[in-house]
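What follows is a single structure, written as structure tokens, with notes after it.
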Amino acid sequence: MAGLPFSQLDGAGHLRHFLTTEGLSRETLTDILDTADSFAAVGKRAIKKVPLLRGKTVVNLFFEPSTRTLTTFELAAKRLSADVMNINLKRSAAVKGESLLDTLHTLEAMHCDMFVIRHASSGAAHFIARNVAPHISVMNGGDGRHAHPSQALIDVYTIRQHKPDFSKLRVAIVGDIAHSRVARSQIRTLRALGVKEVRIVAPRTLLPPMPEALGAKVFLSLEEGLRDVDVVMMLRLQQERIQGPLLPSLHEYNACYGLTEKKLAVAKADAIVMHPGPLNRGVEIDSEVADGPRSVILQQVSHGIAIRMAVMSMILGRRDAAKEPG
Amino acid sequence: MAGLPFSQLDGAGHLRHFLTTEGLSRETLTDILDTADSFAAVGKRAIKKVPLLRGKTVVNLFFEPSTRTLTTFELAAKRLSADVMNINLKRSAAVKGESLLDTLHTLEAMHCDMFVIRHASSGAAHFIARNVAPHISVMNGGDGRHAHPSQALIDVYTIRQHKPDFSKLRVAIVGDIAHSRVARSQIRTLRALGVKEVRIVAPRTLLPPMPEALGAKVFLSLEEGLRDVDVVMMLRLQQERIQGPLLPSLHEYNACYGLTEKKLAVAKADAIVMHPGPLNRGVEIDSEVADGPRSVILQQVSHGIAIRMAVMSMILGRRDAAKEPG
Amino acid sequence: MAGLPFSQLDGAGHLRHFLTTEGLSRETLTDILDTADSFAAVGKRAIKKVPLLRGKTVVNLFFEPSTRTLTTFELAAKRLSADVMNINLKRSAAVKGESLLDTLHTLEAMHCDMFVIRHASSGAAHFIARNVAPHISVMNGGDGRHAHPSQALIDVYTIRQHKPDFSKLRVAIVGDIAHSRVARSQIRTLRALGVKEVRIVAPRTLLPPMPEALGAKVFLSLEEGLRDVDVVMMLRLQQERIQGPLLPSLHEYNACYGLTEKKLAVAKADAIVMHPGPLNRGVEIDSEVADGPRSVILQQVSHGIAIRMAVMSMILGRRDAAKEPG
């Protein structure tokens, strides 16, 4: 990242903010996954709480409502024993009376430690990270299309639980590749961790202009794309796409690209099925698959807490360590 | 409860959910009241907190707003040291994008421990309890008419503080018996605990079709109904009843069934007066009684916290114990 | 305060509520500032938490929304380890179904310890303090014009950090003196702490009828008013004033009374500049000053947390001490 005007890493290459998976090395990615392992265990204990962030203040700064995302970050911070403040900036009078930067500086002056940013524009988290005081870290809580940088980490973490040797894996990503930042982030992360073959499966209208440039094999047919894969990652079809001109009809989309048990039969017998949620049942995925034995969709939700706990503790824990003598 | 398709008790007869007082044995009821005793003491200490549910996550899932109820459950959970999440599902985008069951399963996957359900339909809590994962317990937070199963427990707990020997008690329940689930639940609980005589007092239009089937003596006259009673339990007159066709006028209702000091004179000298709140002052109860020396209405509020702490700790504490060896 | 029908002090002269700085002795004021010193240090530690109010319940009772104020009180209470409940009474159904006093008594019965009141009318906090049970303390969280009694304490605390010897200080308060309860409270507090000279600077339309009665020197010219001062306290120009008939135009107001680096040049070289926030940049203060080296505006925000922690802990801590034998 040297030479770039802004980096989410500090001078020693450690996470100072968490804005994107872009540019994260295999070493850093593996470090996050390993840390998440210990927190995944915490979630299953009777006392699901560790004192790592006691006395830290995490502020969820939400510029648009998202109960699901807010719940995940709030839970992660509380289980790390942090104090959590939820601020809905859309409703807040603050945005009228003062500028965003004044609001941020006010929160900084209250000695907060981390801002989790949820904003319709994914650039907002970057902008805020560039402008906060040195004692504040920023986590990107995603934008309105449920694209958040934690998702790719959650996905590779979930794959690793079931298929630890990435060098042998075939992974198919199915759905709206063109408009999905998640897909691009997934491909990049899978390749950074050494996955053998990444495939993208979509109708021509939902493929980006130069799909091969992503470093993935392109398939227009679901049946061919799923053949012999170890992992199927379904993308959520966004509402604007469902009603938009790029798809002939939901029925037809479901017939061609909706995942059913029958279509899944060509994948490996022990293939796992993933979806970032929330599900459009009967559109991109049928209930028999979503609730079936090969679905790891709810595991992804659990891992979402563990990944967020891992990133929060790595950022805030390391910062404390950095303050120590030496 | 054997043979029924669903029970709030586990195989050993312990509370696994808390949905209704129906079917709770005298032993279980007494167990809850005894447990509440210890928590009532906690509320009076300088440090009103016990570590019993540390590391547990209690989610208040509110499908309709109710500040009063939410406050009570939130306080109870926090004083047990649980982490508390408040989710307003009406406002939440989640209900649009995904089904209720997907929302529930998502929260389950985040390793939550208890859902407190507040829904306009009292069947919602049962439905959810039937469909949650084994590690989740459900508490019924009531419906929009302030009918929640904790109320009957709060009431008998409050009576027991003042009149410990139930076998000698005469209790009058006054008001809209016909439409009140609270009344039915109160009668059942009072009788299960051995109260000598339960009376219901109401105009004919507010009596159920076969009032005697409830196991209570019926009185149309307040003066007769209150004669020599030890406990007067006033019901709240719901707004739809106040404006509805079953009552001639508020003035007339107050004249005949509104509790005043004068009417109360026929009860025993040490009779106590109860009301579940919020009060319709000047309708079912006059301020001179509500704020008078025989009123225990605010004690009922205090006991509401103790009862909820008791039920939460019994359910979640026992569940942990059940996980131990064997 | 003897002889008055109601006092925020108890019989021993200690704070029982915190409603106003009016009537607080130099000793009490200094006591609060000294206590705030220890909490200001807490904000800079890695673990920004002390267990002083563990097991206490602080309820933020907000009758109008104010994210900034709510955040400050919530953070202060959480860093003292109290349980915090936020209740928005405007949205709450409670206000419809029951009277304010019934709502308060209900919260009292839940064994809460402190109400922080935010209400458009500053009399509300006094009214509530007069009517709560003996175990409840009330803090005034201010009214809609951001006038809260903590502000004057925050200001003198900030001055003391930079200029500890008050007996030599010249302080200028600039802006809408006529309509600002903050200004009156600042003048009184500065004088109670022995500040040598307090000046008020404003156009004639924004001066109170008898300005000298406040105990301050009056200046119509900003240049004269700022000459040789040690401290410049800018007031926020309220929105209704900006659009109202008392000011010719914003441009003209800014030209005459807006603080710029150039105008500040007549003050002492080490003068500090204060503002209670939120800022109207380009109206009463220019960004070059607000963000410049002499601005202590963000320090005021930090000190806001420390002052609130000090007052909360003095009130609730002393109350516990008072319960001890003797």
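Of note:
Labels for the chains are A, B and C, by order of writing; each one numbers its residues from 1.
Simple rule for what comes next: a contact is a pair of C-beta atoms (placed from the backbone, for glycine too) under 8 Å apart; a residue touches a chain by one contact, two chains touch by 3 or more.
Predicted model, so just to flag it, every value in this text is computed and none were measured.
Two copies of one chain, subunit A and subunit B, form a contact in which under half of the residue numbers belong to both partners. When subunit A is fitted to subunit C on its Cα atoms, the angle of the rotation, on a 0 to 180 scale and to the nearest 5, is 120 degrees. Rounded to whole angstrom units, the spacing between the C-alpha centres of subunit A and subunit B is 42. The set of subunit C residues that touch two or more partner chains is empty.
Contacts from subunit C toward subunit A in the complex involve residues 43-49, 65-68, 71-72, 74-75, 78-79, 277-279, 281, 298-299, 301-302, 304-305.
Put simply, subunit A touches subunit C in their complex at residues 54-57, 83, 85, 87-89, 91-94, 97-99, 102, 105-111, 320, 323.
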